[in-house]
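What follows is a pair of complexes built around subunit A, which joins subunit B in one and subunit C in the other.
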Partner chain A sequence: MNEMGAAGRRFARGNALEAANLAPEAAAHAQRQRLALADAKARFQKQNWVGTVALFAVAALFPVLPGVEGWMAYTVALVIIYVIATQGVAVLTGYTGLVTVGHGGFLAIGAYTSALLTKHYHTELITGLIAGGLMSAFIGCLLGLIFLRLSGAFMAIGTLGFAFFVGTIVNNVNLFEGREGISLPKNRILIWEIGDVGFYYVALAVFALTTLLVYCLVRSGVGRALMALRDAEKAAESCGINRVFYRTLAFSLSAFITGLAGVLNGHIVRFIASEVYADIWYSVDFLVAAIVGGSSFLMGPLLGGIFVALLPFFLEELRELAFILKGVALILVLMFAPAGLAEVFGRPWRAWRRNKLERVRNDGARVSRASLDKLTKLEAR
Partner chain B sequence: MFGQQVMSGLATGSLYALTAVAVVVVFRNTRVINLAQGDFAMIAAFLGIVFLKNFQLNYYLMLPLVILCSMLLGVLVERLVMRPIADTDWLTLFTATLGVYYILHGVAGWVWGRDTKAFPVTFDAKPISVFGTLVSEGHLFNMAWAVCIGLVLFLFFKYTKQGIAMRAVTDDPETAKLMGIPVRFIVLLTWAMAGFLAAFAGILLAPIVYVSPEMMDEVLVKGYVAAVFGGLYSIPGAILGALMIGVAENLAGGYLGAHYKTATAFAMIVVLLTFRPKGLFGIQARREI
Partner chain C sequence: MASHFRCENVMVRFGGVVACNDVSLDVEEGKIVGVIGPNGAGKTTLFNVLSRFQDFSEGKLFYREQRIDRFRPHQMVRLGLARTFQNINLFVEQSVLSNILIGSHCLIGNPLASLFWLPGARRTEQELTERAIETAALLHLERDLDTVVKHLPYGHQKRVELARALASRPKIILLDEPVAGCNDEESAELEKIVRRINRELGITVVLVEHDMSMVMSVCDYIYVLNFGANLARGTPAEIQSNPDVINAYLGKEE
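Our next item is the complex of A and B:
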């Protein structure tokens, strides 16, 4: 009996060979149990993937459903753009723990970069996306370096200052044409012109790419380094995580994603004016969306973005009451789902998953108990 | 010209200071960055109109009533919204105050409408000469009030039992609790003080800008910047920051153009934070391993 326990512990510590020597049968069972667990985990992950892919498939079919018109696709595309921008904020605020109230600035940088390229050099949308994203990432990198020592509320006010700075520049520098704005021609992908539905697919594709980017980031060493810096900065640093590098990287990636959203936002409306992009409420709304949705969940920005983007849409006729309801809804979400909507919606899923894992574990335990009985019988003989 | 710009800058700065001090007081006792501070003031200004116009009250009879209502509003927000979520991180608290901001905006727009209203009490536009510079009567009046309030606050924090208890809670809430200080009551008092300061900010600002739900938005942002400028923990720092921002942006507005007013305040704060990441008088965290 004791040997069995010792074997299990040894096995858990990774000394499979040692465990096998102590009690071969138990070690084999432990191995089998472990394989079963890994298998179950893989199955769940596959289901997770199935869910995500199904979500995108439904979204892809949306414009061709009967009764769906161009303007609906346009509206949904706007929401998707909102969600992409929120993903950018989530990378910084959720995974890295740096609160930003300045991502409206990156939205503006992406939008203006692409708009100016389109206006002066007649570029098409994909070039615009790459250029806008990279430009935004570059500025994000610089900002990350400037704000290297800030944290908490100080970071919030610093990034807010950045948003104001960008707003002042686009308002007053002639190149950006201030309030008169820049009108853009019809959108083109390579050589083909696209309409509302085509643009919807572009937005969806970008959303899929950014989701994949965030997914890979979070599950990679880089993501773990960011989260380690968020949870325990000094401990992470003492483990050899380069704070300067990872913080700047997080800033750049976050700015890149929001910059993409900015490019899309400029091109979908086909008109860019400082009135829209100098508005700091964008920045605040992105932060709210990230927090409400749950900024450290993959699907958090989706739920939060929908919450923030669609709430005024549904409440438009109510006017002043809409403001009150928005505030009440925000406070209620914070009271009852402090980790975000994604956490609440994911609760039954995670509970089910936990139960299933538990069952697998119990099965394993039952099997090993049976083998234990057999073993004791053998020894008694 | 220069002296005049500085004087009116100081006057605007003293109004920013009222908001900045409230932001600091609330932040250091509760970790809450209160975005609804401006809206407390906005509600106070609207209440001022109601008392003056609908009830035909005298200015000095209206003032205590408005202060009382405003303090009540602060206490209400603390009890209904902030206390249930007091244990969460500062970002959640910050977002919750944004929710309060939306609600108060909506209520004001609903009850009093979106369009701007003139405040019944106005000042003579005729400037008065002080030490050779021309200052408008309204600005002088506001500065006098701000100085009075500053003095009251100083005396409160220095000599009254509640003020000392408040400072104790700022320094170390745990120890303060163990020493028998009713921390919950002190937190309540903190929010009441935020309401008190907001009442003055609203009433004093109302004759200068017209009264509307958005009247305080800009002042709130500047007050917040000023609070961060001073380091978020220091009241003198917040006042100094507010005055500096008021003067700097007035000079920028005078010499560069009105567009650059807000940008100046933010340029100042970004430059300061780059070199002193915890503000002017903030507690500089030592980086130790």
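Our next item is the complex of A and C:
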């Protein structure tokens, strides 16, 4: 028997479905093509990793660059906090298809949980982050169950109501000290006090974790289930996806991420007052950031968050103008690039990859040495 | 042979309309069972009852003698029942491969392990992808794996839906009008595929269909519904010569 015949036999054993469809030569060719495609996709994934790690490396070096002062690190940390909060919105709005105008509420829950713990029990930042994130996730879980039957515009209104609800609570319940606010001592990680630069690194680390979380989510079966529910709910259920479970999970994860941003947001300013957190503008800002950036792309929250957070800094005295500009940007994006800036910027990149895959598919013979070895080993068995 | 899946005396009312009136249906293991009837006979309602998308007021539903009256649609998949839809219901913005992978959702194991890529999750994911590719090959979709579904022609989309249902490794597959809207060539192709699903994969098939030539040629036996009630049951030959069925379809000769 020649080499192709061996491959054909393997198919006859291991892959009865395909062997029935294809002649042995064709089956072997298909197998090679598949390996070549898998190789190409693995290379793309490696490129993604290298790119992301490079980005974080640059961000990590930023505070120690010559000429960078503490306030710059402080400002960039604020931007990172915005980006994290937007990631939370993206999990719900982008991947699960539930529009939320209430994530300012989760920001507040994270911030107040940690602030109260710090004030009354003198906890440090990591404890605060864990507690704030979990508290927010818990409330998110409850909210997900309450809003189980809402979708579309009704979900938007429901979540907006939640933001108002949280705002009213922090304004009026004595525990939260209303407009007087809660002042926090210097931030501590375990036993070490940290300044602006230290805080920058904490924010960056949290950002790295949330990015990893969203990345894992999107690539896992769970992410697929969320996107399936978003795209066709009935079909998703017919595929065995438990609507109640996954919607609640999406709410919890989303609230967890934005809750972490809330903890950071409270501790970076070291002052928390209802004036700030009862305001629904946070909620609107995060939604605008998610939509402008592209809520179903990993890079979306980064682009959108940077845009929304930095706009007022560049406008300086004309801050009021920021509202108008955000509105204009939102309208332009919805008209010309409804999937967001990440989709637009990613276009050439994806086209290049698509072409590459197409070339590999048309030229299945070109397989990397490692994969060829794997194939030969399989055939020898 | 033992009853694989059956419903007894199912009753469904929409307001004053009785969509299913005392309908019973028994699906034997390994068979291809057809459900036919004139428009408005309650076929699709019955179908939705069987896949648990429709609640019913009276009657019983059994899977291997286990009562499943109150199961939710997603639980049916875990039992081993998959379905397709009359009007294609795919995740149109996603690729063929993702569609099939979503179909294999019940095989991902613990969702939290999957979410955090705990050990094992990566292997499961790889296996599911390999199986998805095999399933695509069975339905001649291997060249379209990376294509976004909405860019595919109708006949291909029908096959993607079938592939998605097969991805859950079902014991029974419920097909709601599998060849509706297909041309002759596509129908012939799908007919062949349905036979192979039954013979080679050993999957029991229940199909609702308007295309009589397909029903008569693939089904082992057929249920006829009329005005929401059982009218007849029999082999294709028996059904074709049954006077009640001829009356229901063509009207009574005066």
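The definition used in the following text is that the second predicted complex is superposed on the first by the 328 of 381 C-alpha atoms of A that agree within 3 Å, B and C clash if a C-alpha of one lies under 4 Å from a C-alpha of the other, contacts with A are read in each partner's own complex, and residues count from 1 in each chain.
Definition applied: a residue touches a chain if its C-beta (ideal position, glycine included) is under 8 Å from a C-beta of that chain, and two chains touch if they have at least 3 such contacts.
All figures in this text were calculated on a predicted structure; none of them were measured in a lab.
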item: Which superposed partner A:Leu249 touches (first subunit B, second subunit C, both, neither); value: second
item: More subunit A residues in contact - subunit B or subunit C; value: B
item: Touched partner set for A:Arg224, first subunit B, second subunit C, both or neither; value: second
item: Touching partner for A:Glu320 - first (subunit B), second (subunit C), both, neither; value: first
item: Which superposed partner A:Gly266 touches (first subunit B, second subunit C, both, neither); value: neither
item: Partner chain(s) touched by A:Ile157 [first = subunit B, second = subunit C, both, neither]; value: first
item: Touched partner set for A:Ser238, first subunit B, second subunit C, both or neither; value: both
item: Residues of subunit A that lie at the interface with subunit B and also at the interface with subunit C; value: 234, 237-238
item: List of subunit B residues in touch with subunit A within their complex; value: 27, 33, 81, 84-85, 88, 90-92, 94-96, 98-107, 109-110, 114, 221, 224-225, 228, 232, 259-260, 262-263, 266-267, 269-270, 273-274, 277-279, 282, 288-289
item: Touch list for subunit C against partner subunit A, complex; value: 51, 53, 72-78, 82-83, 85, 89-94, 98, 101-103, 105-106, 108, 111, 114-117, 121, 125, 128, 133-135, 137-138, 140, 142-143, 146, 164-165, 168, 196, 200
item: Subunit C-touching residues of subunit A, taken from the complex the two chains share; value: 15-18, 20-22, 30, 34, 216-217, 220-225, 227-228, 231-232, 234-243, 245-246, 249, 357, 361
item: Residue numbers on subunit A that touch subunit B, as the complex places them; value: 93, 99, 146-147, 149-154, 156-158, 160-162, 164-165, 168, 171-172, 234, 237-238, 284, 287-288, 291-292, 319-331, 334-335, 338
